[in-house]
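Shared chain: chain A. Partners: chain B in the first complex, chain C in the second.
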Partner chain A sequence: MSKTQTKQAPVSEAKVTVYRRMKDLPSTHLLGSGTAMCAGCGGLEALHEVYDVIGAKSIFVNAAGCMTLLSVYPFTPFRGSWLYTAMASAPAGAQGVRDALDILKQKKLMSAEEDMEVVVLTGDGSAYGMGLSSTSGAMERGLDFLYLCYDNEGYGNTGQQYSGATPHAARTATSKGEHGFAGYKKDLFSIWTAHKPAYVATVIGTEPLDLARKIEKAKSLKGPRLIIAMAPCPTGWNFDPQHTVEVGRLAVRTGIWPLKEYVDGNVVHTKVPHERVPVEEYLKLQGRFRHLFEPQRDETMLAEIQARADAYWDGVTQ
Partner chain B sequence: MSRTLLTGNGAAAWGARLAGVDYIPAFPITPQTEIIETIAKWIDTDEMNARMVTLESEHSMITAAGAAAATGVRVFTATSSQGLLYGMEMLYSVAGWRAPFVLVNVSRGLSSPLTLEPDHNDILAARDSGCLQIHCSTCQEVFDSMLIAYRLAEDERVRLPVIVNLDGFYLSFTREPVEVPDQKAVRDYVGSYDPETTLFRASAPSSQGVAVLGGGPYSYFRYELHLAARNALRVYDQVAEEFGRHFGREHAAVEAYRVDDADIAFVMMGSFATKARAAVDRLRDAGLRVGLVRPRLLRPFPEAHIKRLLKGKRGVAVIDQNLSMGLGGVLHSEVASALYGQDGAPAMLLSFVAGLGGRDIADEEFFEMVAVTQRAIEKGEAPPPRLLYTQAELREVRKLQAIAHVEYEELNRASSANEGDRQ
Partner chain C sequence: MFRIRFHGRGGQGMKAASRILGNAFFIEDYEVQDAPRYGAERRGAPIFAYVRAGREPINERGIIRHPDLVIVADDSLVPVPGAGVMSGVDARTVILINSEESPQVWKQRLNFEGHVFTLPVETADRAELRFIGATCVGAAARLLGVIKRESLAEAIRQELADLGSDMVEINLSKALAAFDSMQAEEGRVTPAVTESAADYRPPDWIDLEFEDARASAPAIHAGATSVEVRTGLWRTLRPVIDHDRCNRCWWVCSTFCPDGAITVDSEGRPQIDYDHCKGCMICVAQCPPHAISAVSEQDAQAEEAEVAST
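After this line comes the complex of A and B, so read on.
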C-alpha cells in the first residue's frame, strides 16, 4: 500500500466557499421523490446530495443497475437530461455527448448557456468490472466529465450477487457458503488515480458536508473527475432501512470506508477516524456478515478484517 | 464532378467527407481500417472539419456514435465483422434512441475459424437491430449510398441509423473509377442536419433510452421503430429518385438485370452479385433466359419490389453468401416469405449457399445452379439447400490435413528417437 498523506482541514478550503457548515447545505432536494429505489437506499441518499450541488444543467449518462429505474417512462426525478446506455459503456456515452456539445459550440450552432455537465452514473458492478475499460478510455482521452459510482458492493439490481467491489467474507446471492465471499474488494480508487485524472474522491451520503465540498470541487475542475460513493444497501446487505445512516457512519468511523481525495497527484484523507471503532460494530449491523457472529463468533475472520483496516490506516501518514 | 480511382474504403471516406459529418467515433479492424485512416489524415491536414475519436472498443464506439447523434450532430462510424458483433448490444440500443447516423460495415466472415475474407454473416447478425441496411456491389455505389444513407437516416419519417455494407477485399481494397461530385453538389443533395427535438440542451431537458414497465409501453416503442423502418421504404424511393435527378445515377431499392423476359432469376446481394451479373450474360449467350435480382435495401425489406420483379418466373435461385446454421441461407427464407401465397409467385424457389469467407463462385457454378433449378421445375419439387463446394476444394482440405498429419508423425518419431539417445 502506498503511503498517503492526511490533512485535518480537508478538501482544500481555499476552493470551497459555499459549504462551510451543515446549515450551508440545501434544505430541499432538487431530485424528485417517489422513485422506485428501496427505502433507506444509501445510493439514492448520495445521489440526492450530489444532484443538489451539480444542479439541473446536467445530463446523467447511466449504466444498467438499480438507478436505471429512476427514469421509467414517462417519469423522471431529474430536472435535467438523462441517457441510459448499457452496462458496459456509460463513459463512452458521455464521450459522445461531450464531444457533440463541444462541436456544436465550436461551430456556433449552440450557445454556451445550453451546455451541460456530463455525469456518468453507474453502480459498482459496472464501474469495477464491465465498464472499467470504457472508464479507462475516457480518462486516457482526458474527457471532461464527472463519474459517480454508487458502490453497494454487489450486483444489486439482479439480486446482489458478488461483484469486484464485494468485501471479503460478505454473503451475497452467489457467495452463500460458510465463509461468504472468498475474494477481496478491488481498489478502484487506486486504479482510477493511476490514470492521473483531474480528480478522484470517495464520499458517503452520511457525511453530507464532506460530500458537498468534494462535488463542489469536482465541479470547479475540468477533465475526468470521478467519485465513488459508498452506498449502504438495506436490501443487498440485509439490514433494516432505518439503520442506513448508522451503517454509513460506522463505515467511516471504523475506517472501513476511508474518505479521501486525489488531486494534483496527491491523495489526501479528508476525515480521519481517530480512535477507530472496531470493525465488528459495522459488520454486526448487517445480515451479510451475520455468520461472523452466529452461531459462534468467527474470531479469525473478524481479526483478519480488523487487521486489514488497521493496515490501511497504518499506511496513511498522519 | 471528377472521376477518380478509389477503393471501396476510399469511396466510403469520401462519402463521409462530402456529406459534412461532424463526428467520427472509430476503432480499427481489417478490412475497414483504411476508412478511418483516410479520414484521420484529412482532419490532420484541415481538409475536413470534423472531430474523430478512437474509442476503446466497438461497443463504446457505437455508444458514442448514438450519444453524439442524440445530442444533435452528424455522425459517421465504421466497422467490420467481429467489431460489429462486439458492438451488437449497442446497435439495438441506439436504434431505439431514434438518433440518425451512418455506419459503414465492411463485411468479413465471422470467427471461428478466423478469417479476413468476406461473407454476410456479420451484417445479417444486425438484421433485426432496427438499423437500416443498404448493400453495395461497386465502389461507385458505396459512395452514392453514403449520401443516400444520410438522407434516409435523417428523414423525419425515419430517424434511424443506416448501415452501408460493402464486402471486404472485393470492394474495400479494389480500385474502381468513381465519380466524385463537388462539395456544393453534395451539400445541395444531402443538406444540413436539423435534429429538431432529438437533442440534449440545458434549456430543453430530455430523457433517452429510458426503461419502461410492461409489454404495453415496450410494444408501443418497438412498433414505432418498426413503422419508422417501414416508412423508410417510401422515403428510400424518394431520396433515391432525387439522387438520380442530382447526379444522373439510379440506385433502386432492388436492382433488376435482364429480368423482364427471364424464366429463371438469381437473387443475390453485394459485390459477388457482379459475378452473377456477368454469368447472366454468358447464360443468355448460351440461350438460357436468366436474369438477376439484387436487393440493395435489406432493411426495410423491399418485398413489394421483390414480388413485382419475380412475378411469373418459372424458377428462382437465391444465392446466399451467409449461412444460418441449422437453416440455410437467410435471404432465401426472406424471399420465400415475401412470395409465399402471392399471386404469380414463382413455383420454384431454390436455396444455394456460396461465397463464404470469400470463396469464389465460378462461372460453371452459375450454369450448374440454373441446371439444378431447371430440373426442380421439371420435377415440381425443390431440393434441399445446396452448399457449393467442389471436389477439388475438398481434395485441397484433405491434402492440408494429410500434410499436418505427416508432420505430426515425423515430429513424434524424431522426439522419441531423441529420448532413445538420452537413455
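After this line comes the complex of A and C, so read on.
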C-alpha cells in the first residue's frame, strides 16, 4: 500500500468553508420527505445532508437500486430533474445531460447562471461493479459531474445479495454459509483515484460536518468529482433502525471506514481515529456478523478483521 | 384450496411467517405456493405475503383477491387504504388480528359478520415485534385445522435455522403457545371452492385514447411532491420532544433524521413532522440531553382521540 498523508481537519483549509462548526449546518432541509426508503436508512441520511449543500440547481442521474424508488411518478423528493438509467450506465446518462446543458448554453438558450450540477447517484452494486466501466470512461473524458455512491455493502433493493463492496465475513442473501462472504471489499477509492480525477472523497452521514465540507469543496471544483458515502442499512445489515448513527460512528472510530479525500494528487485523512475502538464493537451491533459471536466467538475471524483494519492505518503516515 | 393473506409492516417478520406456514402445509403433503409481494415498500411500510395450499396442483397465480384467512400483524394497518387489509373479504373470511381490542370491537368497527380472532401482542417494545410473525403463524395453523403441532414446529426449525438456536427456541415457544391457545377454534377456516376457468368473467375494460408520448410520458412538473406521501403511517413508535429538556443543541435530531422530518424553528426549537416521521427512533437514540422519548403510536393516537372528544 502506498503511504498516504494525514492531517487533522484539513478539509477546505485553503479555502474558507462556511461549515466551521456544527451550528453552521442547515437546520431546514431541501430534500422532500415522504420517500419509500426504509425507516432509519443511512443512505437517505447522507443524501439529505448532501442535497442541502448541492442545492436545488442540480439534475440527478440515478442507476437502478433502492434509491430508484425516490422518484416514483408522480412523486419526487428532488426540487430539480431526475433521470433513471440502467444499473451500469448512470455516468453515461450524466454525459448526455451535461452535453445537453452545454449545447443549450452555447446556443444561448440558457444562461450560465441557470446551469446545473449533474449528479450521478448509484448504490455500491453499480459503483463497485456493473457501473465501473462507464465511470472509468466518464473520468477518462474528464466529464464535469459529481458522483455520489451510497454504499450499503450489497444489492439492497433486491434483498441484500453480496456486491463488490461487501466486507469479508458478512452474511448476505447469497453468502449464507458458516463464514459469511468469502471475498473482500474492493478498494473503490483507490480505483477511482488511479484515474486522477479532480476530487474523490469518502463520507458518512454520521459525520455531517466532514461531509458538508467535502461536498462544498467538490462543488467548488470542475471535472469528475466522486464521493463514496458509507450507508448503514438496518434492513440489509440487520440492526434496529435507531442504531444507524451508532453503527456509522463506530465504523469511523474502529477505523473500518476511513474518512479521506483525494485532491491535487494527494490523499489526506480528514478524521483519524487515534485511539481506535476494537472492530468487534462495530461488528457485534449487526445481525450480518452475528455468527462471529454466536454460538461461540470466532476468534480467528475477529483477529483477521482487526488485523486488516490495523494494517490499513499502519500504512497511513501520521 | 386454502387462500391465506398476511398483512404486516416490513420488519415484522410476515414474510418469514408466510414461508413457515407454506412449509408446514408442505410437510403435510400439500401443494403450496408462498410469496411475499415484491414492491416499492420498505421496512416499516405496509407489506403483504400470501400462501395458497391445496391437495391438487395449483394453477392460480398472482395476488389473492378473495382470501379465506386474513392475518394482520399490526392493527394500525386496517385503516390504511394502501395496505388493502379488507380487500376481497366476505362473510366467510376469517380474520386473525394482532390487537389489544376485542373481536367484538373489530366486528363492529369493520361492519363484519364473519369470524374475528385477536392475538394480544405487546407492540410497545420493538424487540418483541420480531416475534409477531411466529405468534400469528401458530394461531393460523390451528385455525386452519389441517396442520399438526409437530409439522408447525418442524417448519419453524427449518425456516429459522439461520437465526441460531436461541431465536428458533423463542419463536417455537411463541408459535406453539398461540397454536395451543386456539384449540377451541380448530378448523374455523374453510377452503373456498376452486373456480373453474370456464366461469371466469373478464373485468370491465376501459379503452384509453392513444396519446402522443410528450403528453402521456410521466413527467413531474413540480419539486418535492413526495411530501404528499404520508409515510407517517409506517410508524409504530412515536418520538416526542420534551421542549423543556431540549437544550437547542446544533439540532442533532434534525441533521440525523434520514427523512428530513425534523425542522428547527427560528428560535432553535426542533419540531417533528408526524405526517412523515417513519418512527426509526434515531433522534431518540442520539439527542444529547435525552429530550426525546419513544411512545407507542397506538397509545399516542388513543390519547389524541380522547383529547379531541373532550
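Assume the second predicted complex is superposed on the first by the 317 of 318 C-alpha atoms of A that agree within 3 Å, B and C clash if a C-alpha of one lies under 4 Å from a C-alpha of the other, contacts with A are read in each partner's own complex, and residues count from 1 in each chain.
Rule of thumb we're sticking to: contacts are C-beta pairs under 8 Å (C-beta built on N, C-alpha and C of every residue); 3 or more make two chains touch, one makes a residue touch a chain.
Since the model is a prediction, treat every value here as computed from it, not as a measurement.
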item: Chain B versus chain C as contact partner of A:T206, first or second or both or neither; value: second
item: First (chain B), second (chain C), both or neither touched by A:Q95; value: first
item: Chain B versus chain C as contact partner of A:V277, first or second or both or neither; value: neither
item: Which of chain B and chain C A:M116 touches, first, second, both or neither; value: first
item: Touching partner for A:M301 - first (chain B), second (chain C), both, neither; value: neither
item: A:K23 touches, of chain B and chain C: first, second, both or neither?; value: second
item: Which of chain B and chain C A:I191 touches, first, second, both or neither; value: neither
item: Touching partner for A:S134 - first (chain B), second (chain C), both, neither; value: first
item: Partner chain(s) touched by A:G80 [first = chain B, second = chain C, both, neither]; value: both
item: On chain A, positions contacted by chain B and by chain C; value: 56, 69, 71-73, 76, 78-80
item: Residue numbers on chain B that touch chain A, as the complex places them; value: 22-23, 25, 51, 53, 55-57, 59-61, 63-73, 89-90, 93, 200-203, 205-213, 217
item: Complex contacts: residues of chain A adjacent to chain B; value: 56-57, 59, 61, 68-69, 71-73, 76, 78-86, 88-89, 91-97, 99-104, 107, 109-110, 113-116, 133-134, 136-137, 141
item: In the complex, chain C residues that touch chain A; value: 10-11, 40-45, 126-127, 162, 164-166, 218, 220, 223-231, 234-235, 250-251, 254-261, 263-264, 268, 273, 275-276, 278-282, 284-286
item: Residue ranges of chain A in contact with chain C within the complex; value: 21-23, 25, 27-42, 44-45, 48-49, 56, 66, 69-80, 176, 205-206, 208, 234-235, 240-246, 290-291, 294-295
